[in-house]
Amino acid sequence: MTAEALDRNNRASERKWRRRSLWSLLVLIPLALAVESYDSVKALLGNNDLFPRRVAWGESARFGGSDWKLTDLRGAFGMSNLPPDSVPVLADFQVKIGDPDLQKLWLGCKIVLVDKDGRRWSPTSIVSLKTPDNVGNCISAIFSGAKSGDTLDLRETFLVPKEATKSVRPSVSVASERPRFLLFQLEKD
Amino acid sequence: MLAVAVKPLVLTLRLWWRFWPQLVAMVLLGIVFGDLFMQVAARAALLNHMAGLALLTLVALTQLIVTVAMFQTLLPALPAVRAAQQAAQGESETGPAGGSARLARMITVALLPFFAYYAAWGFLGDTVRQYSRVALDMAPFGEGAGNVLDVLDSRWLIVSVVISWLIRRFATAMQKRGGSRSFWQIVVVICETNWIFIGLYVISRWKDEAIAWIMSRNIFSALQAAADGATHPIAGAFAAPMVPVEVTSVDTTTRLVNLFFYMLLPVIWLVLAALIYGYDVRDDKELMRVHRRVERLGERYRAIPKFLRDFAEHFISGYRSRYLPIANGVRITLSSGVVLIVTLIVGYRLIDWLAAWAWLGMTRLIGPHELDTWQVLSEGVSLLFGSPFQDSSTGILVEPLRISFLAAILETAFALPKRQVGESGQPSGPTSPAEAQHA
Amino acid sequence: MLESARSRLKAWTVAGIGTAAAIAAAGVLGAFGARHEPLPVLAPASQIDIGEWLLRPLKAYVTAEKYAYGTLLKPGGKALVLEVEMTNRTAKSTKDYFDVLQAGSTVVDPATKPFIVLTRDSTMSPELHPGMPERMAYIWQLRDGAAVPASFDLTVIRKTYKPRDNLYGLPGWFNPTPAGTLTIPVGAGPAGADIQP
Amino acid sequence: MMRKSANIVLLLLAVVFCYGLQISKPHYGDLIGPIPARGKLADTVVGRAFEVHAEKIEFARKLKVDQFGRQKVLTTGGVWAVVTVAFAARAESTVVSVASWRGPTGLTYDQTERLSFMNGLLPVAVDPGLPRKARLIFEVRPDQANNATLLISEKLVAALDSQAEISLGPVTITADGLPGGAVDTLDMAEPL
């Protein structure tokens, strides 16, 4: 084999490898990204409420091993000592316990109000309205020791600007179901 | 003078343009396999710290194979380096081996010495840091279980070394018997890297202790006090503006030492590149030629009874193969002139600096997000510019450039006319790249 | 063949001896490293520079009151109070002072942590701010039935600043090591005068 | 000879240049640090999760506070700096919990922990559409009052999240070493 032929050979094989590498990038770049970000994507999906599941008014939905139903959503007008143009909003739920392992299934339980623009309100600590003794909230329910078949009444209180009261809808999420969450619809929807 | 500085830069870009798909693909392969092995090692460490450390060898090995392979890919475009390589090997091994087979051979041949050298310079520390972080993340509550490196202080390490020695023994026996040779060759390489990895890491820890002991002997304190006195005059009264102690507590000596190593690292990498190109790794002919006196020393050395030489070899060979390339590397670089060394140091550090700023720039471009979101985004940025921890960073935009730059510097050093004059003892050196390829 | 075996045996023997010597040398080095140098004895009436903090011991006394600087003490017990002027020398507010002073084990159970209080308004362990000296009280519960000592020993611990730690590369103060010891006289009570330099 | 000295000059230049690169290279802490949203006093600074608007700064030697129904006067080794701010959440309810005062030379003073019993201090929960006022209270050295920057973030580790950076502008220092306009006692019982 002459030196020239050898050189030509090398050139050809280099071009071949260059072409192969270029094609392989199409696979390797997504693969590397997937391998590297697997844990982070898992954490992102496990910590955030991304995909809503709409629940029509009056219906109940299986979520975190129990059946959730929105019973009431109303404003508590006429309170003093509040920031101007704000309204306390009460959300009442009735939950029929299915799987009683709430400490695992309801971990990270979060009830928020979502309006038409996607703004989210967490429960407030500014307003404290008196609630009946048998009504708890999401976190206290976890430690209530409720058994399968029990029905729990839950209430959360929010503080919402007046302009948003028309469009807010309650949503429920727990760590065991994320990134999916429940979005309850009202009677008028 | 300026041409010497510009030539490697132009060559870097040319190399990069010619080979970027291959280089990027290799970096990506390294990332994928390195990450998988790292996960395996960290998970194993949760069960047994020793097993984790042994599996960590695979991570280090992956990084090294990728580096070696990248350098080897560039070889066809480095005529002066190839000429030197072939001159060193003699005419015996110029067979027209196919691309992949040649690559495989080069890797196994170049890997061990390169690995030893890489480890000896403490680059494995980066791998160990990554490993500690991954294991710490995985450990349930960060207590005790997180400190996966406690095994380094344990005597069980010897067991690990013995086991890998036994496996290696078995593998060489199998290899001789003729069963699938390349497979056993890989087993041997893994066992040997395991030794080097564990052995050198332990030694480096001992060495650190020894150095800390020496440094604590007040040898430097007089010098340091003088230097500090010059830079920070005695603090004034309380009313004077306060200079935080973070600024004043890092003394001048430390700063100088840090700067020295900061500037030395590119040179080390150049030597590593030279090592990979097989430039007289275990051959001290070149070095012996440096000086008549050294040569006489070499002759006298050969006159020593064999068993004594065996013994000396036993202890020294490790150091010789470690320091000989340094000596040679320093010789190559020094003889190639200050301009080229400065180009190397500044260029290497500039790539590194630009990568860090590019990372920062990307964060500003993408803007603020919740931590969970940024966690995902940062993986993408890291893929481009390397890990934000800046240890053995392997971004697909940075690493190919770095390797091309080192290869270009080496090529320029070998192609310098000065060097060819220096070797006039041999049949005159290659005069044109084309000839060099055909030699 | 035999010749080579013999020379190999010799080489191994010598290598073995060499290894033993190396290990011995490393052991000696290690022993030197671990050798306890006597800690410097610091003067109580001085500014003590431990990197993060500048300390100036002011006074020490034993109290049997129910409260010392707003902290409730164990009923019936006594507490050793050490008042110190502390200056944060770093660039950031910090409360990294919990392990800075360690009282000798003759008077205080080393397992008990002191309460650390800002004397100005009895705030329990607040952050101290850069370049602003504050008077702090370290309050140790004395051992049950312990006599009031005439003086007590104190070990001062310092840390070293690292611009980048080994794991993540973040700045911080690491490696607590004893910087020195000092003996502080125990005064009559809270009204006693400060130690004068 | 010429060549040698030229080489030495080149090497020295390289050393200086490398030192510059070494100290100006951003490291992990900088890369994952907070992303600043800058503004001035009285601007509305818009971050990712919240908006903040610094209304005024007051300096005082002492603070008069109400602790569990009892009047208390708090002194300090430096000077009290009280910044009145208004927060508003953007898309989601959030809690703003960290504020610090960065002096002109980079010394950073966290919000004081001596008034934790008082209302209207951080952490403050804010809801979308419902702006809320708060006080940020610092103890600073008087020489750190001039041209200071206020740093406000939701969490202590604001990794790659926005951090409001409000430059507070020049403050004259009077002959007695206090910031101009400093009062002797500031009453915290006054409504926001």
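Going by the order they are written in, the chains are A, B, C and D; count residues from 1 in each one.
Going forward, a contact is a pair of C-beta atoms (placed from the backbone, for glycine too) under 8 Å apart; a residue touches a chain by one contact, two chains touch by 3 or more.
By chain, UniProt protein names: B = Transmembrane protein.
The structure displayed is predicted, hence computed values, not measured ones.
Based on CA centres, what chain would you say lies at the far end from subunit C?
A
Given the two chain pairs B-C and B-D, which is bridged by the higher number of C-beta pairs in contact?
Of B-C and B-D, more C-beta pairs in contact link B-D.
Taking each chain's centre as the mean position of its Cα atoms, how many Å separate subunit B (Transmembrane protein) from subunit C?
40
Could you put a whole-Å number on the gap between the CA centroids of subunit B (Transmembrane protein) and subunit D?
Roughly 43 Å separates the two chain centres.
From the mean C-alpha coordinate of subunit A to that of subunit C, what's the distance rounded to whole Å?
Between these chains, centre-to-centre, one finds 48 Å.
I'd like to verify one number: the distance from the centre of subunit C to the centre of subunit D, where each centre is the average of its C-alpha atoms, in whole angstrom.
Measuring from centre to centre gives 32 Å for this pair.
Among the residues of subunit D, which are close enough to touch at least two other chains?
Where subunit D meets two or more other chains at a single residue, that happens at 27-28, 106-107, 141.
Enumerate the residues of subunit B (Transmembrane protein) that touch no fewer than two other chains.
242, 244, 370, 378, 389-390
Based on which chains are in contact, what kind of graph results: line, ring, star, complete or other?
other
Can you name the residues of subunit B (Transmembrane protein) that touch subunit A in the complex?
The touching residues are 19, 21-22, 24-25, 28-29, 31-32, 35-36, 76, 96, 98-99, 370, 372-373, 375-376, 378-380, 382-383, 396, 437-438.
Which part of subunit B (Transmembrane protein) faces subunit C closely enough to touch in the complex?
For subunit B (Transmembrane protein) paired with subunit C, touching residues are 129, 132-133, 136, 206, 209-210, 212-213, 242, 244-247, 249-250, 306-308, 310-311, 314-315, 389-391.
Mind pulling up the subunit B (Transmembrane protein) residues that touch subunit D in the complex?
Within the complex, subunit B (Transmembrane protein) contacts subunit D at residues 241-242, 244, 258-259, 262-263, 338-339, 342, 345-346, 349-350, 352-353, 356-357, 359-360, 363-364, 367-371, 374, 378, 388-390.
Per the contact definition, I'd like the list of subunit C residues that touch subunit B (Transmembrane protein) in the complex.
So the residues of subunit C in touch with subunit B (Transmembrane protein) come to 6-8, 10-11, 14-15, 18, 26, 29-30, 32-33, 51-52, 89-91, 130-131, 160-161, 163, 166-169, 171.
Taking the touch rule as given, give the residues of subunit D at its contact with subunit B (Transmembrane protein) in the complex, in rising order.
Contact set of subunit D toward subunit B (Transmembrane protein): 7, 10-11, 14-15, 17-19, 21-22, 24-28, 30-32, 34-35, 37, 47-48, 105-107, 141, 143, 159-162.
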